[in-house]
Amino acid sequence: MATVKLWTDAEAEADPRVKAIFDDIRATRKSDFVNNFWRAAANDPALLERTWGGLKAVMAGETVLGRVVQEMIYIAVSTANGCSYCVHSHTAAAKAKGMTDAQHAELLAIIGLAAQTNHLVTAMQVPVDPEFLVES
Amino acid sequence: MATVKLWTDAEAEADPRVKAIFDDIRATRKSDFVNNFWRAAANDPALLERTWGGLKAVMAGETVLGRVVQEMIYIAVSTANGCSYCVHSHTAAAKAKGMTDAQHAELLAIIGLAAQTNHLVTAMQVPVDPEFLVES
Amino acid sequence: MATVKLWTDAEAEADPRVKAIFDDIRATRKSDFVNNFWRAAANDPALLERTWGGLKAVMAGETVLGRVVQEMIYIAVSTANGCSYCVHSHTAAAKAKGMTDAQHAELLAIIGLAAQTNHLVTAMQVPVDPEFLVES
Amino acid sequence: MATVKLWTDAEAEADPRVKAIFDDIRATRKSDFVNNFWRAAANDPALLERTWGGLKAVMAGETVLGRVVQEMIYIAVSTANGCSYCVHSHTAAAKAKGMTDAQHAELLAIIGLAAQTNHLVTAMQVPVDPEFLVES
Amino acid sequence: MATVKLWTDAEAEADPRVKAIFDDIRATRKSDFVNNFWRAAANDPALLERTWGGLKAVMAGETVLGRVVQEMIYIAVSTANGCSYCVHSHTAAAKAKGMTDAQHAELLAIIGLAAQTNHLVTAMQVPVDPEFLVES
Amino acid sequence: MATVKLWTDAEAEADPRVKAIFDDIRATRKSDFVNNFWRAAANDPALLERTWGGLKAVMAGETVLGRVVQEMIYIAVSTANGCSYCVHSHTAAAKAKGMTDAQHAELLAIIGLAAQTNHLVTAMQVPVDPEFLVES
């Protein structure tokens, strides 16, 4: 169904750059599971390295927001971008990191509300209030 | 610049339904400032009532996420929807409610990262891993 | 496949707030069918109440556009937002409310045309003609 | 501000293909006004011809929906696509063709509602009810 | 699964306008395969004619970019619009026209990068540098 | 107008991490001009480093597509994402790197065409032809 090959573990083992990243994904997440996104990205080892590098730095590095809030923001962006895979994978990640049903419910309420007011603003072409501008 | 009239305070005073909502916005926010979105929505009092009602219930009601996290999720959705006014108004709101520069920076990093992986997923049409599905 | 539980009728019967909304959906639509969107929204009774309340007020309340035109606008928005479920459910609703094949065909033609000129405008960054601005 | 040149009337007069389309726009609309979109598209006469041809066929040809409904659907798509110019120009066109304030208000209400439920559906990944599928 | 009927070859044979376009698709592409998009568009012969006419003029007409680059741009737009069918069909077309794995990999890298910086720009509301404006 | 501060050269000089990246941008591009995107990203030096690192690797590194094609793909994504700044900056970059008017015109034609068929596909929910699926 994908437009690119999904790398199996055997194929990943045979490519040192891919193997190194798959190993690091497993070590960072303390889990043997490597999800399909990385198996697809593996077709371009440089892309795999850069993308995992960026993700690890933000989603597994120092955080002032905490892991659950990080994942909820990821879900919010993925929803507005209409990325079904991303909504599934980051909702699963958020739950695994401790998102409660009440947090999920409030997240959904804000996503729906923001979408509604976003579209009303665009349809009415509301001009930005001067009070909202950052002074430069 | 808007496609609808922006109601002045004088006009709002003259319509009991609009006045009631503008009063409630001021009371809820403990501020005299009514931003342009509500002045645009006032053209349809029923829409104004429903939209403010929904916003107040979520963004000023009970919360398990806290006010700053709520606003950051709002910014994330508004960004992905490309709503310039919404990004401005909710970034201002987030700062007013206490969002620090470090929190804003991490929010931006996640938004950029999510957009990148969202688009890669779509371009590669990555199939959802069975591990991510909710059992029904 | 959903990221939340879809409430069965038995579960809905056991929660008075959810039961009240499911009953109202059935009464308003004069049909026993409650589609999956409401079964998903039921996880947060307050969200269910607000969302159904807003939908009922607009899509089953007073209208100057008529039911078929309302549903066609809904389809147009859902298409541009890339929401597959929404396109399916509102196309079904439009047909149930009387949308003819000729109306559907003209709707599709406008959606395709608007998408084309929307993207050309954005790619060329066409400045708004002063003639299009609302005087304030 | 545009990324391409906006053709003046003098420049259009000097190119037979562009002149022919500008003349037809004026004749079709019974107005001397040629808005910026066409002045931008004129940089590629073949694109100008195809785009105007498609637009004229749909928006000025036979219609079962009527001119106002056509423009309202155009506004709905333009809003969801976040095209500011398009929202401005088609709101102006809708008003010129007779859209009332009540129709505009109902249009806005539906756009906001659809955006809200669209995003909720995506965030919850609601599966399509079998009842909504077209038999093939 | 579609919201409209997909025309079979037998049905297309029976409608002269649809038959003419299906014949031209086959002749232009030198292949007997007519993909589902055209079978869906056939429900409105005028739409079918206009859409195929536009596509043929651009994607099978004179080109300064070349067929592979054309298809890669199509994939880029389809990805950002979240159109799964379009990503599938144009990735298949790009490969059929000679897109190499290295070209596909670089395309994916740019798509991901552009999405990331697009969203950062929107979230930070970066003002356009005067250096980027076209003089008019 | 931005939601974050735009770093001046004086401020950048005072921060070694930001200075290093600004120096590298200037050296890589052989130009003294540092555009606003980087001045905004500088608020988070780690984000600045990662984002510039990714951009440099793709847009200034080895390429099989060539610089002009790379920028055209960037424009295509930016257009579909509705990012005005990005369309401006990458159109300027494409022209600086040699994009001709004929190439720009063909790019625009494809973007408009893709948007049109993308939305038609979504509105008709066209199922993916088995011929387009990659064997796994």
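So that you can tell them apart, the chains are marked A, B, C, D, E and F in the order they are listed, and the count of residues begins at 1 in each.
Quick note on the criterion: contacts are C-beta pairs under 8 Å (C-beta built on N, C-alpha and C of every residue); 3 or more make two chains touch, one makes a residue touch a chain.
The model shown is predicted, which means the values in this text are computed figures rather than measured ones.
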Pair joined by the larger number of C-beta contacts - E-F, D-E: E-F
Farthest chain relative to chain A (centres taken as mean CA coordinates): D
Farthest-lying chain, centroid of Cα atoms versus that of chain B: E
Cα superposition angle of chain A on its copy chain C, in degrees to the nearest 5: 120
Rounded Å distance, chain C centre to chain D centre (Cα mean): 21
Interchain centroid distance [CA atoms averaged], chain C/chain E, Å: 27
In chain B, residues with contacts to at least two other chains: 1-4, 6, 46-47, 51, 54, 77, 79-84, 87-88, 91, 107-109, 111-120, 122-125, 133
Contact footprint of chain C on chain F as seen in their complex: 75, 79-80, 82, 84, 87-88, 91, 107-108, 111-120, 122-125
Chain F residues within the chain B interface of the complex: 3-4, 43-44, 46-47, 51, 77, 81-83
In the complex with chain B, residue positions of chain A that touch it: 1-4, 6, 33, 35-37, 40-41, 47, 51, 54-55, 58-59, 63-65, 69-70, 72-74, 76-81, 83-86, 88-92, 100, 102-103, 106-107, 109-111, 113-129, 131-133
Chain C residues within the chain E interface of the complex: 82, 87-88, 91, 101, 104-105, 108-109, 112, 119
Parts of chain B lying in touch with chain C, wherever the complex brings them together: 1-6, 46, 50, 53-54, 57, 133-134, 136
